[in-house]
Amino acid sequence: MRFPDKTATLHDAIAEIGDGATIMLGGFGVPGTPFTLIAELVRQGQTGLTIIKNDANETGMGVDHLLAAGQVRRLITTHIGLNPRAIGLMNEGRLEVEFCAQGILAERIRAGGAGLAAIVTDIGLGTELAAGKQHVIIGGRDGVVETALRADFALLHAEVADPFGNLCYAATARNFNPLMATAAGRVIAETEALGPLGTLEPGRVHTPGPFVDRVVPLDALTEEYAVVRR
Amino acid sequence: MPLSDARARLLARAARDIAPGMVVNLGIGLPTRVIDHLPPAFPVCLHSENGIAGIGPTLGYDAADRNLIDAGGAYVSTLPGTSYFDSATSFALVRGGRLDLTMLGAFEVSARGDLANWKIPGLFTPGIGGGMELAQKARQVTVLTTHLDRKGKSKIVPECTLPLTAQACVNRIITDMAVIDVTGDGLILRELRAGLTVGEVIAATSAPLTVPDGTLPEF
Amino acid sequence: MRFPDKTATLHDAIAEIGDGATIMLGGFGVPGTPFTLIAELVRQGQTGLTIIKNDANETGMGVDHLLAAGQVRRLITTHIGLNPRAIGLMNEGRLEVEFCAQGILAERIRAGGAGLAAIVTDIGLGTELAAGKQHVIIGGRDGVVETALRADFALLHAEVADPFGNLCYAATARNFNPLMATAAGRVIAETEALGPLGTLEPGRVHTPGPFVDRVVPLDALTEEYAVVRR
Amino acid sequence: MPLSDARARLLARAARDIAPGMVVNLGIGLPTRVIDHLPPAFPVCLHSENGIAGIGPTLGYDAADRNLIDAGGAYVSTLPGTSYFDSATSFALVRGGRLDLTMLGAFEVSARGDLANWKIPGLFTPGIGGGMELAQKARQVTVLTTHLDRKGKSKIVPECTLPLTAQACVNRIITDMAVIDVTGDGLILRELRAGLTVGEVIAATSAPLTVPDGTLPEF
């Protein structure tokens, strides 16, 4: 037995995405953000996108390019404080923004990946984030129903991958990547290093190959991946 | 035809339903044996619900790793590209739609694809294990079973009488007599084991079977 | 900065458990079952226990000793087919058994560990496993509410640990261990190897130290851990 | 007393609330600075919600690892015993009760411990980030803040006017003027910054303060 080879070119991997798609993007700040896949999405110009990402990156980086190009209709996120364009577009009513508590965003994505319909939590009770959401009483206690999130595509950034799609993430670049890897119809991972099958010991794999559809090896890392000097 | 030969044909036929690149979970018993009927180096990823994808060949006791088993307790091995994960991730793979195919045994399969394979009230109550989620969530669910039980009664029934594993979950039934698809229009006979007639299969099946026009393929 | 040392003796770690406790036990079959911790629990003789474990092991192994000693009142599990004593006690009404679908047991434990109240799933709809459970409609579809599980104690088996409680599991010995590590008031891990802090690279850790309360290094492995020749 | 000195006292006082062995999350801004006031080799595990436990010293840009940041974006380092994990596990640690203490900033804290620290409608809407779960689920929630806002108004108020981060979540407030506990009986003044009188603190606090009998400790 052997495993299928899922390596693809940058162009072909992103060309599968159509207008109006819902796309999860890995990353928390710079680490784990798939800047190269995002840049190709900007180049190809798909529009009307719903983006699910922890944050909106910073000016001139990642999600900001999608916003500048007017490709994003809706953003599901936890914090956009470092992106004035995102805040501006939201305030002007040109970008629909749904805020989640960070760990609840993680759980909603994970629930989608795990084939669950929803989770029930007490997070947000008594605040505006629980307003308008379905409630359910569990064991006598009020709970907020947080529905599962799935996407048409997940774009991830890995440190090391093999052609079957086994992925390993560096340090805090892990963040939302392994969760999103489970929660999209098609999962596309860019990787800094691509090794043959067997590169990753079975116990070191962060995202198992069966979750991944396309592996795009990166030739080089652009400036966006570098240390940010503020 | 001796039963062992009929079983080999069943297994060989089942193996042909595994397409290159699939992620597959093979249930305990008959389904596990399908793997022996795949061509060498066939590109398939075997999943087991205890937390492994990309299972390699089964090992004898002397070569076994005490920490490396499949869900049936067999000592297995790794291949380049195998991964381990926890039980939540293992079933995320199943329920999240990444399991292309599961092959499962059955006590009963109904005309609309209900499956009963885990409990015989009063006699056998081991618990459901991972079977419910495999049956309900694999993209394709194929039942591998002898057509008749030990008393000679059809296991393909109009309605299940035993507690269900999952409702309307089975897509295909492969037995030692026939290949039968479960469709919105009921059960459709697709293939016959070599040497059997349509009449013999219909006679052995207590649920209604639709037989397409023309000659059916044999296996 | 440094981290607290959580190593403890076998006796002291288990002595914290009182009668009537709810205890999660790692393991799926032999791999990952904390046989030494269980043996000490049998030796100390706490009674009226609720055990949460994937399976009931086999005759003469692990959970079977607790059952033989009459220490278990209730068992929450997925499959006990390899333990005739468990089936017998259940049929005689001397052991209360709650069966869960395996992945739902995993999710209920995980939900407890993640501080959620419940998950909502379609698993079990139309079967006796959903009977009597609370339902909720999510997006027009029927869902079963599966409540979160937590325990007073979780007993785990690790391959490698450090004194802070960072844990790594071998091969398929991982199974329920990392989930249970998050879901108990007190988490006790036995380990085959104990190394100094730094033994485990940060990216290789399966269970982060903050989840673990006690680390019990094993002097030797008993026969129960060995390959089972059937 | 210059503000910088008052702030240093606030931070030093806050550091004394970190007990050996604790798992602690320090919010962005003032709370992050508490770490500089701990003794060397103090046994504490710093957590950050982006997926790290056991944070080591902050690094300058030249020594930084581009993949190793805390939730505030600072480049940090590891120690022997550090671990990385995904965002779901990171918040399992918080919501599951493994975070012993968080120290957070505030726009407003109410008499019953409601916290508002994330949104000023019309002016500042960055999103909640991880703050809601830290405030709601850490075993101990301490607010570190200047006692007065830039306009000289009390940040400790009878009722919050801004959108809440979480209800009744704050256990203790440490300011540049006082240490105040939030209890079932309201706010209790526990300590004074050296040189201040009880009257001065009461005058600077718009919420009712209970003052215990006897001399209050100074910090």
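Here are a few things to note about the model shown:
Labels for the chains are A, B, C and D, by order of writing; each one numbers its residues from 1.
Definition applied: a contact is a pair of C-beta atoms (placed from the backbone, for glycine too) under 8 Å apart; a residue touches a chain by one contact, two chains touch by 3 or more.
Note that the structure is predicted; figures quoted are calculated from it, not measured.
Considering every other chain in turn, the ones in contact with both chain A and chain B prove to be C. Averaging C-alpha coordinates per chain and comparing to chain A, the farthest chain turns out to be B. One inter-chain figure worth recording: chain A and chain D are separated by 30 Å, centre to centre, where each centre is the mean of the chain's CA atoms.
The mean-CA centres of chain A and chain C are about 32 angstrom from one another, to the nearest whole unit. Distance from the chain B centre to the chain D centre is 57 Å, each centre being the mean of its Cα atoms. Residue positions 103, 107, 110, 114-116, 121-122, 170-171, 174, 202-203 of chain C each touch two or more of the other chains. Touching of two or more other chains is recorded for residues 52, 84-85, 88, 91-92, 94-95, 137 of chain B. Interchain contacts give a graph that is no line, ring or star and is not complete, per the touch definition above.
Contact annotation for chain pairs lists A-B, A-C, A-D, B-C, C-D, with touch applied as defined. Only residues 28-32, 54, 77-82, 87, 90-91, 97, 99-107, 110, 121-129, 159, 170-179, 206, 225-230 of chain A touch chain D when the two sit together in their complex.
Listing the residues of chain A that touch chain B in their complex gives 1-4, 110, 112-116, 162, 164, 166, 182-183, 185, 196-198, 200, 202-203, 205, 208-211. Of all residues in chain B, only 20-21, 23, 38, 41-47, 52-54, 56, 78-85, 88-89, 91-99, 137 touch chain A in the complex they form.
Chain A meets chain C in the complex at residues 103, 107, 111, 114-122, 134, 136, 138-139, 141, 143, 145, 147, 168-171, 174, 202-204.
The part of chain B that touches chain C in the complex is made up of residues 48-52, 61, 64-71, 73, 75, 84-88, 90-92, 94-95, 125-130, 132-133, 136-137, 163-167.
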